[in-house]
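Here come two complexes built around chain A, the first alongside chain B, the second alongside chain C.
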Partner chain A sequence: MLQIYKRFWAVNWAAQWQYRANLLMYLAYWVVSPIVFLAVWSSIARAQGDVAGLNAGDFTAYYLTLLPVDIVTASITIHILASKIQDGTVSNALLQPVHPVLTNVLVDNVAFKALQLVLFVPIWIALVLLFQPPLTYTLGSLLLSVPVLALGFLANFLLSGIITALAFWTTRVFAINEAYFILANLLGGSFVPLAILPGPLQGLARLLPMQLWLYFPTQVALNRLSAGEIALNTALLMGWLIVLFMVFRAVWNAGLKRFSAVGA
Partner chain B sequence: MTLNASTPPIAVQALSKTYQVTDRAGGFGAAVKGFFKREYKDVKAVQSVSFEIAQGEIVGFLGPNGAGKTTTLKMLSGLLHPSGGKANVLGFTPWERRDGFLKTMTLVMGQRNRLSWDIPAADSFLLNQAIYGLSDAEYASSFGELNELLDLKEIIRKPVRQLSLGERMKCELAAALLHRPKVLFLDEPTIGLDVSAQARIRAFLKEYNRRSGATILLTSHYMADVTALCERIIIIHHGQIKYDGALSDLSRRIAPYKLIGLDFDDDTVVDLAPYGQPVTRENEDGMQYVQVPAEKVSAVTARLLAEQRVRDLTVADPPIEDVIERAFHE
Partner chain C sequence: MRRILRVISAHVRVNLQQDLAYRVDTLVNIATMMAWLGYDLASIAVLFGSAQNINGWLAGDIIVLLGVFRMLNTLMMSIVWPNTELFNRGIREGTLDYVFVMPVNSQALISIRRIQVWQVVNVFVAAALILAGIATSGTPVSLGEAVSFLVLMVSGAALIYALWIVLISLTFWFTKFDNNVSLLQALIDTGRWPASVYPMWMRLLVTFVVPIAVATTVPVQALRGELSPLEAVGYFAVGVAGFGLASLVWRAGSRRYSGASS
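Now for the complex of A and B:
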């Protein structure tokens, strides 16, 4: 199995390099909205002194940490696979004795973000020099954020796999994804840090999985959580991983039964 | 399920597939109505199809567009779940999609790519080696054999997007056969290729079948593929089997007539209507043709020789395209 992943890596890594210009454009898209939120919230905080206890520096540090977290945990599965399900070309992958999502698409996601990070690091350094945020990282918090990011990515990957598999039923899967994307940004901590959300919404957001691959790893890296909070969120993340895996498997298998392989 | 020597590698029983498709008229009004209330209709793509294919056979699966050929191949290769019926391929139910099944069969769809366009085919071959769990020795031997038949060495080093269609099709076939499948489903394997590339692919398939003993079910709109490769054909139309038997028997059963070709002294044009049904052929060889029932060929030939100044005379079976066309619509 390891050999299969290694070969998929070789193929996808080489293929990603063919599209590096494309990747730069994606990167611009990825960077713009957190920078806008950073600018908006830090201006408000500067004007008011603070927002719910967070000052301008806190917002800058939060959004400049959220940026790489988002890149590491994001999933591009829908862009890789949905149109192939709709036009039937996923057939080629379905003929092979490996699960296309859990092998090729997973590795393609990783190759995409690996190359994206290579291009992103100099941009991030420039942004840090520009905004001079009070980054509260410690060696321990950074090391701890590595497994949290990995698990967070896997959970997000499975959720995006579930949304992508809806393409077996509907041709409007990108519209569904857009709606989800807005909800995920709101409940995951992109539009606002979770602490600012109103009470009931914040309570809901903390239980839902989206914050586990955005807000939670960001706070871990910034060393802002107690050991108890880290343990609780990690347990929640593991629980969601199991649930998402089971739902993904069920939806994918049901989708295959419906698959009509049109045109291919 | 176990497979013994007498079990055919492909056995299909009353296999059916019905698609549900949306049905609406054109125009804005219909689009608005369709937004609120969708109407569906059932399309019976395959209706209770049954056949068996013995080990090592190459069978042509023929029919006009939309006849149900590709749908049947997709069910037999595990891509589609049927609406009814049974199929057994190498001891497996295809749509259960077990690894053991996927490792022993292949489906090649003409012009469809298994290979990644951005990298040389050689890299995709190595990926297939890992996916199908081939040892280095197995891979080397399988690749060596395919290279010998398809002359791949040079072309697999170029990115796939830079290959000609013929070169790409060779690589696609090689990628689909590296794991030495025992059953091959080929859907229009020569489509879009020029005549010489078609001939090379045909020669390759014939040789691959001879060497490996693989069972092959292929669809093609090129009768040259069928006549070169298949002793047996299955004709399907509107999802139902119209003919299953030897290609050589088809003319006798479906079109029991012969074509008499005639060349007259001084290139005279003779009215052939009294002898049979005159036909025009496209090859413009200067001969006139008349179609006569098979049992009357000797009598009509004798009359023609007696009554006309015949320089040359040939008797041939009707072209296979015409016979198959007739079989579709019977």
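Now for the complex of A and C:
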């Protein structure tokens, strides 16, 4: 099995490496929105002294940590797979004796983010020098964030797998994904640290899985959570991981049955 | 001039037919656009839940600014992007030849070959946001402020259009330059908020290099009565000059075009 993953890695890394120039443009797009929110919130915090206990430096550190966290936990499954399901070319992958999503697509995701991280490191260093955030990382908090990031990525990967599998039923899967993306932006912590969301919205955001791969790992790395909060969120993450895995299996298998029935 | 208008109206008709041929797609697009509007308004609500103002800008001002931003963004989405794609393909495959054999102004023609007509909905939404923002802030707007707001909004959009023409014209010199418009699109999101929130280096970037702030923050400043007449005239002149310069660059570049096969 390890041999299979290694082979998939070699193929996907080589494939992603061809698109490194495009990837740089993609990074430019994706870096602007957090920087904009960073500027808006830290200018408000500077004028008022703080917002819900967060000062300008806290906001800067938060968004600049969120950027690499987002790279590590993001999933591009829908862009790899949805069009293949729609035009039927996914049948090549289905003929292989391994689960296409849990092997090839998973490794392709990892190759993509590995390359992204390589290109992002110099950008990140430049941003840190420009904004001078008070990065409150400790060795312990960084070490702890490694398993949190890994589990968070797996959960997000499964959720994106569920959304992608909807392509077996509808051609509008990208519109569904965009609607989900808007919700995830608002409730996952990309727009604002959860503490600032108004009461009921915040309660909902804390229960939903999106914050577990955006807000939670960011706060863990910044060493801003108590041991109790870390334990609670980790338990929640494990719970969601199990639920998402079961839903993914059910949706994928049902989709496959439908796919063969159509005979595409 | 009459001929150009007839060409434009013919293109709008054809593109409208395309949008109507894919009716459900068009409806899904409009629904998605409305969802983004909800996101924008929710983010403003959260912001003003914990702040009275952003660098002196009240909620009403920010909503006006969102309206102006959406006008500009609609220009990007409905005209700039689709025509950039068409243009880059034309350069690659040589189909740009057909543009230059037409007896109309080539710059006008490459600007309007593909228009997402349904985005006109977005223009109405943006106008409603501007009016709602003015009503929310409650300060009366003088005729002079209203006129300079509208004029600067148009000249700011013209400046962004001019930058686009220059960027795609560069493809005539550097054929591999097909990421031409990405920098402009990447930075467009900075236009949602007043430029004064950004650190100095970023403010310089979005004012002088990629003048998104000139097309978004500046008109709203005029509406709030923050611009001196001299500043207002200056920004307007920059828009006009940029527009003129762009058509010179386009003409110089298009003379270098020699088709894809040669």
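Going forward, the second predicted complex is superposed on the first by the 259 of 264 C-alpha atoms of A that agree within 3 Å, B and C clash if a C-alpha of one lies under 4 Å from a C-alpha of the other, contacts with A are read in each partner's own complex, and residues count from 1 in each chain.
Keep in mind that, in the parts below, a contact is a pair of C-beta atoms (placed from the backbone, for glycine too) under 8 Å apart; a residue touches a chain by one contact, two chains touch by 3 or more.
The model shown is predicted, which means the values in this text are computed figures rather than measured ones.
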Worksheet item: Is A:55 contacted by the first partner chain B, the second partner chain C, both or neither?
Response: neither
Worksheet item: Touch check for A:141: first (chain B), second (chain C), both, or neither?
Response: neither
Worksheet item: Touching A:4, do we find chain B (first), chain C (second), both, or neither?
Response: first
Discussion item. With both complexes overlaid on chain A, does A:223 touch chain B (first), chain C (second), both or neither?
Written reply: neither
Worksheet item: In the superposed arrangement, which partner chain does A:96 touch: chain B (first), chain C (second), both, or neither?
Response: first
Worksheet item: Once the shared chain is lined up, is A:15 touching chain B (first), chain C (second), both, or neither of them?
Response: first
Practice prompt. Determine, under the contact definition given at the top, whether A:32 touches first (chain B), second (chain C), both, or neither.
Written response: second
Discussion item. Touch test for A:83: chain B only (first), chain C only (second), both, or neither?
Written reply: neither
Fill in: Intersection of chain A interface sets (partners chain B, chain C)
none
Practice prompt. Going by the contact rule at the top, pick out the chain B residues touching chain A in the complex.
Written response: 19, 74, 77-81, 97, 99, 102-103, 106-107, 109, 112-114, 116, 118-119, 123-124, 126-127, 129-132
Response to the item:
The residues of chain C that touch chain A in their complex are 28, 31-32, 35-36, 38-39, 42-43, 46-47, 49-51, 53-55, 179, 182-183, 185-187, 189-190, 192-193, 196-199, 201-202
Worksheet entry | Touching residues on chain A, where the partner in the complex is chain C | 21-22, 25, 28-29, 32-33, 35-36, 39-40, 43-44, 47-48, 51-52, 130-131, 172, 175, 178-179, 182, 185-186, 191-192, 196-198
Response to the item:
Interface with chain B, chain A side, in the complex: residues 3-4, 6-8, 10-11, 14-15, 18-19, 89, 91-92, 94-98, 256-257, 259-261, 264
